[in-house]
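After this come two complexes, each holding subunit A, first together with subunit B and then together with subunit C.
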Partner chain A sequence: MYEGVSFIPMTWTDMLYLAPELSLAVIFLLLIVLDLFLPKRVSRLSIGWLTFAGLLVSLGLVIWRIADMNQAGAEAEAIHLLSNSYRIDDFGSLLKIVFLTGTALIVLLGLGSVREDEAITDKGEFFYLLLPAVIGAMILSSSGNLITLYIGLELLSLTSYVLVGMRRKSSLSAEAAFKYLVTGGISSAFVLFGMSYIYGVTGSVDLAVIAAALPGAIVNFKALVYVGYFFMLAGFGIKIAAAPFHAWAPDVYQGAPSPVSAFLAVIAKGAALAVLFRVTFNTLLIAANGGDATVSDDIFFALLVLAAAAMLAGTATALRQKNAKRLLALSGVANAGYMLVPIGISITVVHSSNFSEFVYYLVAYLFMTVGAFAVLTVVSRAAGHEELKAFSGMYYRAPWTAAAMVVFVLSLAGLPVSGGFFGKLFILLGAANAKAYWLVAIIVVSSVISYYFYFGLVRQMFMRSGSDDRELRVSGAAGVVIWLCAIVTIALGLFPGPLMSGIDAVFSIRYDLLFG
Partner chain B sequence: MEMYSQAAWLIPLFPLAAFLVLTALGRSFRRAGVLIGTLGSLAAFVLSLFIVIDRLDANTVDYNYAFDWMKIGDYTLRIGFEVTNLTAMMLVVVTLVSFLVNVYSAGYMKNDERITVFYGYVSLFTFSMLGLVLSDNLLSLYIFWELVGVCSFLLVGFWYAKPKARAAAKKAFIVTRIGDAGLLLGILLLFWYMPGHALDFTTIQSVFDGQSGAITTGITTLIALLIFLGAVGKSGQFPLHVWLPDAMEGPTPISALIHAATMVAAGVFLIARTYDIFQDSAAAMETVAYIGGFTAIFAATIALAQNDIKRILAYSTVSQLGYMMMALGLGSLTGGVFHLFTHAFFKALLFLGAGSIIHAVHTQNIHEMGGLGAKMKVTAWTFAIGALALSGIPPLSGFWSKDMILTAAFETNPLLFFVGLAAAFCTALYMSRLFFLVFTGKPGAASSGAQESPVTMTLPLVVLAVPAVAAGFVETPWNGWFGSWLSGEAEAAHGSGVAIVASIAVGLLGIYVGWLVYGKGSVSRTALADRVPWLVKLLERSYYVDELYAVFVVKPLKLLGAILIVIDEYVIGGLVRLTGIATVSAGRLAARLQNGQVQTYSLAAVIGFVIIVIALVGRRFLP
Partner chain C sequence: MSILNGLPILSFILLSPLVGLLVILLLPKERSSWMKTAAILTTLVPLALSLWLYAGYDKQQGGAGYEEQLSWVEVPLNKEFQNGVAEFVFKFQYSLGIDGISLPLVLLTALVTAMAALAAFHIKKRWKSFFVWFLLLEAGMLGVFLAQDVFLFFVFFEVTLVAMYFLIGIWGYFHRERAANQFLLYNGIGSAIMLLAFVLLVNTAGFRIEQAGEQASFIYSGSYADILRNMTDPAAWVNMSPEQLGGINPFQMTETMQWVLFIMLLVAFGIKLPIFPFHTWMLKVHTEAPPAVVMIHSGVLLKMGAYGLLRFGVLLFPEQAREWAVVLAALGVINILYGALLAFRQQEFKLVLAYSSISHMGIVLLGLAAFNELGMQGALFQLVSHGLISALLFLIVGSIHERTGTTELSELGGLARSMPFISGVLLTAGLASLGLPGLSGFIGEFLAFLGLFESMRWLTAAGVLGIILTAVYVLRAVLKITFGTQPEKYGALKDARLIEAIPMIVLLAFILLLGCYPSLLTDTVQNSVGTLFEPLFATRAGG
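On to the complex of A and B.
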């Protein structure tokens, strides 16, 4: 192991482990230069396609890594780079697959919609700025110490601020970027503040060392441990838009270009959740074994409280929402709540499939959310606004797209036959297994409330005849995204088995998350 | 060897594809619609035929394919399909009749505006029925079981502008639901008690066949009776038979396909598929036998007094399904399935023939017809074949299967033997009444302009006439091939001279009486009605079962419904409204936070944070 060694420099073999991230970085730099030298009249869509290709390359590299590491079964040792500041394991790799797939879909969606968005002046930047953002997300899911983690977080956040403000000619977009910057700054401050306390009481930023030192620290500095974790929790809570830290989300999503909103909803949120998963499980579970479990119990319980608050606040606020994008933002708040559940219920003797539940829901959430945003871009471009009214009579204008939207709505509402149904079911069963019955009740109640506004959307599409009865034009790229998402959503609802067993086949909680 | 059996999963996909294409095309492509529907069923038929030919060899083994559908905890749900000789036979019956009905409808439904919709529904039905047949476990069978019910609902109410059709569709759906609820309960009980919660037929067979004692007799009887309740609903057995005659409001090809040959036989198929459960419980077997026998005679007597050609045939179907149930209850699996097999052909033939007549004369009242034999030669001849097969006249197919059932009854249960004989007499009588009134004698009020139907309609009649004549030879008293092919071992009960003679005698007698009254006219038609008018009235009104239901079931239920509505409106509704108001005001409160001020957002976050910290952590530091 790396203990006792102050610093091991990178070798070329290590660089190979970093190939997915590095390839994206190289492509990013090349695209900046290309964008500079490409004449103005040349369409920037080519940069979009190159971004897309780069993401696919990186995705291939991650898949290759995961296949390579699991040749001998799920219990492969994780690879530690730079004194455990960066770790390559199946936890990170699986999430990277999700992030890269999601970003690729979002770039594809952007290819369909950015061309006609006149508010976006720098169309090249729009695409290649997604690359450092997704690199940030990848670093977050792979980080083994708090510093790397913070670097990943800032890389993701800073690029997201720019991306949100990409519609330079729209004041709404500028406002959103500003709000996101301010809130994001507060979030970073909370996280850093918390981290500094953790460092203070344990003497290390390395998650493994923190875990080992925590039992002692709890005995001596109980209050300070609480301060450290709660501030970190609040900071990440802002990033994932869990209540009561969610109020920025509707405004920011509304102002951002739709593909960027989808990026914030899926990748930024997913990465912050992943890091919460890693930090809490890595440090607190071990600490709980060592003696005083009240602190870790309280922190896990706080996660559940955040989850419950997010579910209830998200659905309740969405009830009166008239704007489709804000509605999706609030739906994202509620979904952040659902995804916090597998983290917050921690591991018990009878239940340890938290990660499979988490990833399953994240995958389902990725496809249904990106799909819904894709339909939204199509609809809002035709209508010129993003109000729910834009969906009215959609069934008569584009029956197949309306059908796809029904699939996404069913999935978001958690009804069969859809990926969202099984995602929610697995999370529900997990919570029931962990005997968190009050949480089960809240999941059910918030789902029922959510039917109201989700079906309001369906009612708009099928029962209202819109003022506009022209046929809805769906661009090729958007159509591909919509259908891909719809098919995957249905497939996940019909055959939940393969994905679940696939995750189980590569992920081992012992080697990929806790130790190793 | 079972190369084709492995491809059996393709069979339902052909009609499904046809359904999807037809739905996507919409109503505009009328001729293409007919073609697509017909091709879908033809492809399914051809593949089914290959499978059966492939399996004629005596040593074929059942082919089963299943995969893990989902895992919940330790329980794995496997679904798949299975081809046994029984399912292979059903595949051919379903696809052949479906194909012929598709062809037939090209003529019969020619002028209907929604013909493509019709073909879409028929394809969907064929898909569901084939899925039901191929299912290797009770759960997916149940799903398809409900799907065929939905298709039946859609097709009975196809002419939804007619109030009677709407009412009939609703009735069919609701009445069969009673049976379906029983079936679902049966499946749930089985799920609960089966070792490993298995629901596939192979495991069911090994558990019940092995007499392992895993499930007690009381529970077995309960499960069997609940499954039988499902079959009673679907196969129109007393007392849930009331929907089937009303279902005749649907287009006649549908009556032939769904309400004569395939869907209504699903109940019989279900019992045959889960036969091992029934064989474990003598009480369940007896119930099946007596309900079947009673339905056979009960419906046959009603058919004697009906005047609507399709209702006669409908009651006849109910009665014949009763025969099949009786055979199963008496332990003769082969007899029941064999009768299902032959009945599918000749009853589909009779319905299609009836459709051809209705198409020509535009009425369904047999007293307004008459003398059609000369004008509609093909229809008349094929109808005669069907009628003779149904009446059990040798050597037509119906004779052999009915004889097998009667022989089984003769050897085990004399009471049911006489019931069967009496029903056979009634069958022959009402069929000869029907035939002579429609095809012979003076032309009736409606038959003046009648002419033979187009070839798309007569061709299926001729094709169906072939198996109606010949299908019986697969199993005769001296040749037990069908039985041994079906179940692996020949059934012992063969060749009882008494049963054969008696069955031929009552069949001929019935026809003779019918001819005396309705053909030759030597006995007055109203002779019976003059002497015992109440009896005729009783039969005409189908023993007043519908009226009894109205008084004892529908009215009390409506009253209960009215009471519940009041409770629902004021108690539950009040609570719901209260919840709604509470939720909406919570939403309003939460939305107030969204005022667009980032300062407010941050303040809310900080306040929330402080509250959470105080609530969760503060308690740890209290003295």
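On to the complex of A and C.
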């Protein structure tokens, strides 16, 4: 397709399409310099506010891009940069909105908690390092070929390794950073190894070319195609912490500063899921159209098995968990499973709304998880530890914060009235539509098991009395995050329609994902 | 009251507890008497409205004229692979309605909740959150009986689950946390199975195509009316075989799937009812939850199971239900005998009543299994009657426990001497429970057994045995408490205060009223049973 076409260089108009990423990069560089020259006595929180502002600017640019592209409806052609190595389409833009919103909330949360965390020595660095990480996530969701994809993945991973180890005076944090570095390295190696096979059998790193060449490759090198995809699956499986590749998650989340744990749980996971979505749909669905569908069916089935394993392993191991942060990590494993479902069920004649199901759940998951982590930072700072016991008697100490936590718990457990309920319901309806009844049963079973440990938090907050009965102090920034998340979670549970219609209005599976 | 005509009265009933809830949230924390007053006044609103609704209910017209529909969730689906489709959506509606089956239960809910609010003087701590959860529970229960959309029904069902969890876990007795957990997990499994069944139902029976000129709309609807219509319409997609449509029909519901769905619904609602062997959780709840909450639990929440079974299990899957009528009847008989025998063996009065509930709910199953008009009427009558009686009994249990600090039969005795009023009411409630003619318990049992006798004589005979056992265990427990020697320490106990006496008198009045004028209830039920079940009974007579 692109054979013989020489590399197309960037033009100034192309730079405009990259404005969201570039603006973040510029702010990042400025903040490094600022941090270097700013006198010691000036609070580094100002850098946090600048980071926050930068994220909002980028968010505005992405929204402007979506509005600009969809003037004539959802079926706008995607924009290809650098020989289709970078795609500007609604798939990427919608996810970028999610990632930027999430990171902004996390920065806000950090503004409330980092100041008092003495283990974090470089407070300025903590904030501006989130920028390259989120740029990595944005590149991942926009990548049109395997090389761009890998660059995004590494940018995200390398900065997260540093962020996890940010609490320099804590040995737990150092241990977590080391563990994350090693497993993350293995993950990258798996992804690269898989990619090399795909490149080997199709002769290209461009997703569109791979899709076109795959039917032929399947005929000639069936086994190698399997190897390529399965290794990539395993690599991304580590990144999204889906069982059986999840063992690192509790340790790393526990050691990392809470806002960083939230970042790993939402943005890093979401970005890896997004790229998995893009790669499988873009290459395998089209390939399945062109001939032998058994290979793509098998790989989609493997995704479903991964999803089922993540749901069951995540909920089962969380049952006996006594540490709140590890609990949230394992809950993240189960949630990765739920979000893998819309990817793995592929599309059928009557069902192709996978993307809106996925994004809806991701948004609901973003708000409930960040909210839960925000409450956790408040509680654990007061108690000095992160055990479940820290929540005991919270009803007496901070009734409204406890009420907000109930909202997050209900949402995580998938009970109405909350965003998590509709998120799960849409995924369930989709899976039932695709006739994956066994998976529907597993989703429901794992949700019920999860009641036990999610409601363990409620038991601590409302039914036990704690040793400490001083009023719980909630810092302004953390309070804003908690209430914003609680309100959005309830709003998503009362009126799921507008978000779903919004996604449907701009997203076209044909033009924003498969072809175009 | 004619000013109320034309207003969304059902929404008023449903939302009034929520308004009261907001008011209570804003009241200052230390003013517990304000909160109690506000809660009691709040519960009177749905009671007054549903009484008015009941009085003005036109039996011929049924629920028509009361339906309320608002578009709630309209989720557009991707239609890029369906050519020429104008619209492809999931539609769930905020849709409320009543008929002769749900209206009595709405009234029962409002009545029992108002009485329970009066009885909530037992609550000694955290009044604000108690009444918040209490009113949320009321809204949930009313919603369950009013909802006409499967997902709206589910949402309300889950609201009651969460509210009950808090009410048991915070204000219960010593083992409250364990009781709350068991309640949550058992009922969580039940609701999960129900959700699964609903999802499959909407995916098949909820699908329809609306043709408007050239444009077609593909719609998945959660509306109960749509699902029922599609299930009974042979030309609906759900009933077409792939051959009829030339190859594929992803919306067909095969017979296997019908059976699977029916059994799933039976289990889901059977846990709530509860059907033996899914009953263990409710024993814990009955002994551990605070009296005001048990009144509601035993009086209304168990009825949601029966209502769901009737509305979704029997009405949507009549073929399956009819084939399994014997199974339902057998389960009913097991419930009756098992509950009665174990009630006889209990030393704890609350457990006697809990097992008695299992036994009485068995009669509801018998009525459903009879598959004729008498049986259905009996089942519904029994639901309302048992709701009133068990609420009254648990109200008395609360009063006795407050005074003596125990509900062990061995430690109680001779209370009639110091508390003649409470003992008198207890005796009457006991007699109502064992089915004395002239009180409401008799009518429900009589109708249900009469209905079943037409179709299954031997099972009826076995079930009637339960009535004798009921007399034995009720009299054993009630007589032990009221008569016999009175322990020294109970000599100075005070009889009922006004705030306890009011709910007792009101509930007793309704029990007597229904016992003497059963037509007050049966007339309302009759017409709806007639129209709703006509197809079922008709085919039965034919085949």
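As a working rule, the second predicted complex is superposed on the first by the 512 of 516 C-alpha atoms of A that agree within 3 Å, B and C clash if a C-alpha of one lies under 4 Å from a C-alpha of the other, contacts with A are read in each partner's own complex, and residues count from 1 in each chain.
Methods note: a contact is a pair of C-beta atoms (placed from the backbone, for glycine too) under 8 Å apart; a residue touches a chain by one contact, two chains touch by 3 or more.
Since we're looking at a predicted model, the values are computed, not measured.
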item	value
Joint occupancy of subunit A by subunit B and subunit C, clash or fit	clash
Which of subunit B and subunit C A:49 touches, first, second, both or neither	neither
Touching partner for A:500 - first (subunit B), second (subunit C), both, neither	both
Touched partner set for A:193, first subunit B, second subunit C, both or neither	neither
Which of subunit B and subunit C A:319 touches, first, second, both or neither	first
Partner chain in contact with A:230 - subunit B first, subunit C second, else both or neither	first
Touched partner set for A:435, first subunit B, second subunit C, both or neither	second
Which of subunit B and subunit C A:347 touches, first, second, both or neither	second
Which of subunit B and subunit C A:463 touches, first, second, both or neither	second
Residue range of subunit C overlapping subunit B upon superposition on chain A, of 163-171, 415-423 or 433-441	433-441
Contact residues common to both interfaces of subunit A (with subunit B and with subunit C)	422, 429, 495-497, 500-501
Subunit A partner contacts - residues on subunit B that touch it in the complex	68-73, 583-584, 586-591, 593-594, 596, 598, 600-602, 604-605, 607-609, 612-613, 616-617, 620-621
Touch list for subunit A against partner subunit B, complex	178-179, 182-183, 186, 222-223, 226, 230, 234, 238, 243-245, 247-248, 250-251, 294, 298, 301-302, 305-306, 309, 312-313, 316-321, 422, 429, 449, 495-497, 500-501
Footprint of subunit C on subunit A - complex, ascending	347-353, 355-356, 395, 399, 410, 415-417, 421-422, 425-426, 428-429, 432-433, 435, 437, 440-441, 444-445, 447-448, 451-452, 455, 458-459, 462-463, 495-497, 500-501, 504, 508-510
Complex contacts: residues of subunit C adjacent to subunit A	72-78, 80-81, 90, 126, 129, 151, 154-155, 158-159, 161-162, 165-166, 169-170, 176-177, 180-181, 184-185, 188-189, 192-193, 195-196, 199-200, 202-203, 220, 248, 250-251
